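There are two complexes below, and they share chain A, which is joined by chain B in the first and by chain C in the second.
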Partner chain A sequence: MTPKLSTTEIATLIILALASVAILAVPKFAGLSLQLDLSIIFVYAILALSMGFMWGQVGMLSFGQTVFFGIGGYSYAIFALNTGDTTTAMLLAILLPMLVAALLGYFIIYGGINDIYFAVITMVATIALEKAVRATSDPRIKIGDVRLQGQNGIAALPDLKVPWNPSETLFVTEVYYLIFIAMLLVTAAYALLLRARVGRVLVGIRENEQRIALLGYDPRRYKLLIFVISGGVAGLAGGLYAVWGNFVAPEMMNLNASASVVINVLVGGKASLLGPLVGTGIVQSLTSWLGSAGVGQVNVVLGLILIAAVQVFPQGVVPMVSAICRWGLGHLVRLAQPSRRASATGGKQ
Partner chain B sequence: MTALLETRDLTRRFGGVTAIDNVNFAVDHKELRCLIGSNGAGKSTFFKMLTAQMPPSTGRIIFDNRDITDLEPSEIARLGIGIKNQVPDVLDGMSVEENIWLAARSRVGREGALSVVEDTLALLDLRVRRKDLVGNLAHGQRQWVEFGMVIALAPRLALLDEPTAGMTAAETIRTAELIAELNKTMAVIVVEHDMQFIRRLNAFVTVFHQGRVLAEGPMHRIMENEEVRNVYLGRDAA
Partner chain C sequence: MYDAIIFLYQILFSISLFILISTGLAVIFGMMKVINLAQGEFIMLGAYFALLGEVIGLPFILSVVLAMVGVGLFGVLVERLLIRFLYGRLTDTLLATWGLSLLMIGAVTTFLGPQVAGVSVETGRIAVGEVYSISVYNLYIILVAFAALASCWALWRYTTFGMIARAVMANPGMTSALGVDCHRYYMLTFGIGSAISGLAGAMLAPIVGTQPTMGGLYVAQAFVSVITGGELPFLGTLLAGGLFGTTNGVLSYAYSQVIGEIGVFLIAIVLLRFLPHGMTSQKGRS
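Then we have the complex of A and B:
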């Protein structure tokens, strides 16, 4: 079924279009530091979307989505440093996490692990990999010519080069555009997926997995598919993170990082695609603002704000705002009804 | 011709309780069969095993000359067994048409699925509610939606667990007509409590009692069966 665009989808498109105009215009007015700040928000937004889609649409809570973020980042770092070929490095940043997601997902999903156990295992995966990478500070541990350097991470990563012209590298503003466009494309891809048969089956799995199976769809295949796709998206975010900061470190995968993905999604709301993007924007801006405002205990204050946020809008900011808009629009339409009818007949003549 | 569905010594134990006890049961192609029995006789457990929602403890299930005992629910659905569970088992957060579309789309292409959805909605008189979320419908209508999913799936064997529960008298009559309609193209097994309804269907009846097949035969013979009357129908039922 290819339904016509719903009001929500149209509203989402309008908001994204307006935001895009503003965001694309930023480099004309603002300096590099704002571009860098926004770039990293977009990176985290891609990561949040990869987690929020699975959670909100399919009902799979991947608490350790950062494991793929980390593998993506390290794939880029190691391959780019070894070969200097950043295009292939970025492709690997997507493909290797997908491969790992396929293996990990196969054992979890075909092993019949669901719900909270799924969350726990993915969380353990990211922590385990973080600890493993931390334990590589011995200078003899190398992949190719690149030392992993344990908790210090790998620095001085090469800038991204233009694929068809490797002598040219992308600088801050170009990377800013690239990351933003990647975020838009990922959002669009998820939106299209949601409208396709696969997407309807995935939503059906969230609603009633047993019924979907009794209709002849193997839920495990579909869950594995979305786990692999989202692993690739998280890996892309990891690769872009490495490009953004020319640096990767085990912190990409620690418990803080994986929890903050969940928090970003919670604050924005997991029911829509816009939710994880908006949530990331809010939480990340708040975090950096609290940091610069000299609050001191940033995490404590942030925690309090988050508790309040979850109490006030349990479904997230986006559903709450859209409910208010719908309510307001309803009133406006009712107020405007008589004049609108007059102008409609007038327009036809 | 061999039977469409056959169970061989099918048994299901829950701890010390044997819910289904060595049941040997067979249904022919395009047959209409009613399963009756008091609560706890094992009818729903039996259905759940036929659709792999629950594995049997021992015994085999043969569908169309193929052993399906160890298959997945989705594989069994693809082979052609559709089920309406006892409690409405639908996708509450999706619209009526999407529920039926998902059933249709699992077996036919894009165009075909749309026309199956139209036909099914028309058949069930659900066209005006097509955009409604199934979770917002009344109990009886959610039953219809699930019924519609089975219809859209076009199985070779439809299992209907208490299809008239929670329905009005008019809806019950309509359900009997629909079952007769379905039965033109597929075998149907119906679990029911409503004796009037079973008489209306005029089907061959199997009586379950404490996990065993107590009796089988046409309805009028079943009503005369002394043992059946004692354990199930009660003195004044006939």
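Then we have the complex of A and C:
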């Protein structure tokens, strides 16, 4: 038995549907550069979702989603360049990060590392991995025929081919649609997961891990499960990033990348699935606008946003806006029914 | 014979580096339970103070003092303006200090540029046998690292300040009921931790140079040491520094520096799997 849709869920669906119509119509009237800009925001939104779900619904702070993002991107790059088969490459971009997440997650989660320690250890993982990739600049370091090239990254990746017709490749607009649909599917999958029994247990872990354990569920198994799933989602984002830019580099995994995922989630709000999507939209447009306007260092801006978000609006934008909407709607409803109000007060007298 | 001396020296040096960069965090995180992700940037700031000292013509030893005082005061400022509002909110502290870390990197890059600058110290070298020689400066680093850790430990173990500070961290309500101004102790502890980080930065400046992004290298190592160190921050830092310094030293000697750093991380993860409370856990003893 699944619970009925709540008002919030219905509102989310309506907003997503309206946004989808607008987004699907973009290529009809906007140029390729806007499509490219939006595509990368969708990629980061998928990444933010993989982090925001664990943080908001399960209470796991993974600062290392960029580990899986990076491994996903590099898996696609290396396999696609070696074989030319982009479909399998994209599958690997999901599966390999899941495998790594399972290994890493086993040690962290079964070691009983929780809360902020979890955050710090996952963050250290991304620092370590970035260093390792940066250290591969020696031209002799190859996987198959592909040189890893250290901090220069791997460029000139093949375009994504149509799985059932490998002679055809996807261009900017098709990639735009593909990434957007992937984002919608990931959001839907997380929403369904949340409504399933597993999702209830995960939320229960956030609320009270000990009680869940006493009810006979092993919280560690569920946490590992969601860590692996979210690792796959982050890997998918990494693969799509590689398709988007035909390029992967260690910057995908550095501390700034990892910080911007957290900032996206924090600004949008971690409580809902919409939060990470909206937050990514706001923060990424802001930083790219500031970057093009030449307002100094992006780091300064990100740092200020992060501090302000924690001190001033820790819940994020989405809960704030929805509270305002609810308040406004309440007023509208009351304004629209003056007679009833009058008769009600009249009845009292 | 000389090979063995050089090998041991390298391991000792590697352990000292771990201790040097972790001691400030051992104070801030170990004693106060404040996750300071800007720890690396405090070290970076210390290195820039050393550079400033060189530019205005101070002898190196005074530059180091300048770095300690400068970063210490900066730490007090940060505690008053940012951390103070976030006690008891661990996640928020972590996020806010991450913001601080990005802000500091951005600000230093904007005003001083992204390039690497060097700080030079003339100390000479000691010959070991025919082939090898050891830089005297590195011996100073070993000395300073152990001295910093030992003095922090002694400060908290044997002085009245240390006793009250430990009481404040253990039970702030009870301690303030006894008439202690807890906020002062939070501020001072954070300031001392920051000053030690400044010291670390200044000592590192001559061997690694100064760069806005240098902190990222150290924040990971410092957190790994302090977390695996466990509940007794100073003993834990000593043990973790010993373990990771040896691992890093041996692997760097045998393969490369990167292998050394990754080896440290892997060992830390496996270790935490079996000792989740770190190497100096007090759980289950009583």
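Definition applied: the second predicted complex is superposed on the first by the 324 of 349 C-alpha atoms of A that agree within 3 Å, B and C clash if a C-alpha of one lies under 4 Å from a C-alpha of the other, contacts with A are read in each partner's own complex, and residues count from 1 in each chain.
Definition applied: a residue touches a chain if its C-beta (ideal position, glycine included) is under 8 Å from a C-beta of that chain, and two chains touch if they have at least 3 such contacts.
Every value quoted in this text rests on a predicted model; they were computed, and no experiment measured them.
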With both complexes superposed on chain A, which partner does A:213 reach: first (chain B), second (chain C), both or neither? first
Residues of chain A touched by chain B versus by chain C: which partner has the larger set? C
Which of chain B and chain C A:197 touches, first, second, both or neither: first
After lining up the shared chain so the two structures overlap, which partner does A:111 touch, if you call chain B first and chain C second: first, second, both or neither? second
Residues of chain C that touch chain A when the two form their complex: 35, 82, 85-86, 90-92, 94-96, 98-107, 109-110, 216, 219-220, 223-224, 227, 256, 258, 261-262, 265, 268-270, 272-274, 276
Chain A residues within the chain B interface of the complex: 1, 197, 200-201, 203-204, 206-208, 210-219
Of chain B, residues touching chain A in the complex: 51, 53, 72-75, 77-78, 82-83, 89-94, 97-98, 101-103, 105-107, 113-114, 117, 149, 153
Contact set on chain A toward chain C in their complex: 61, 104, 107-108, 110-113, 115-117, 119-121, 123-125, 127-128, 131-132, 134-135, 254-256, 259, 262, 266, 296-307, 309-311, 314
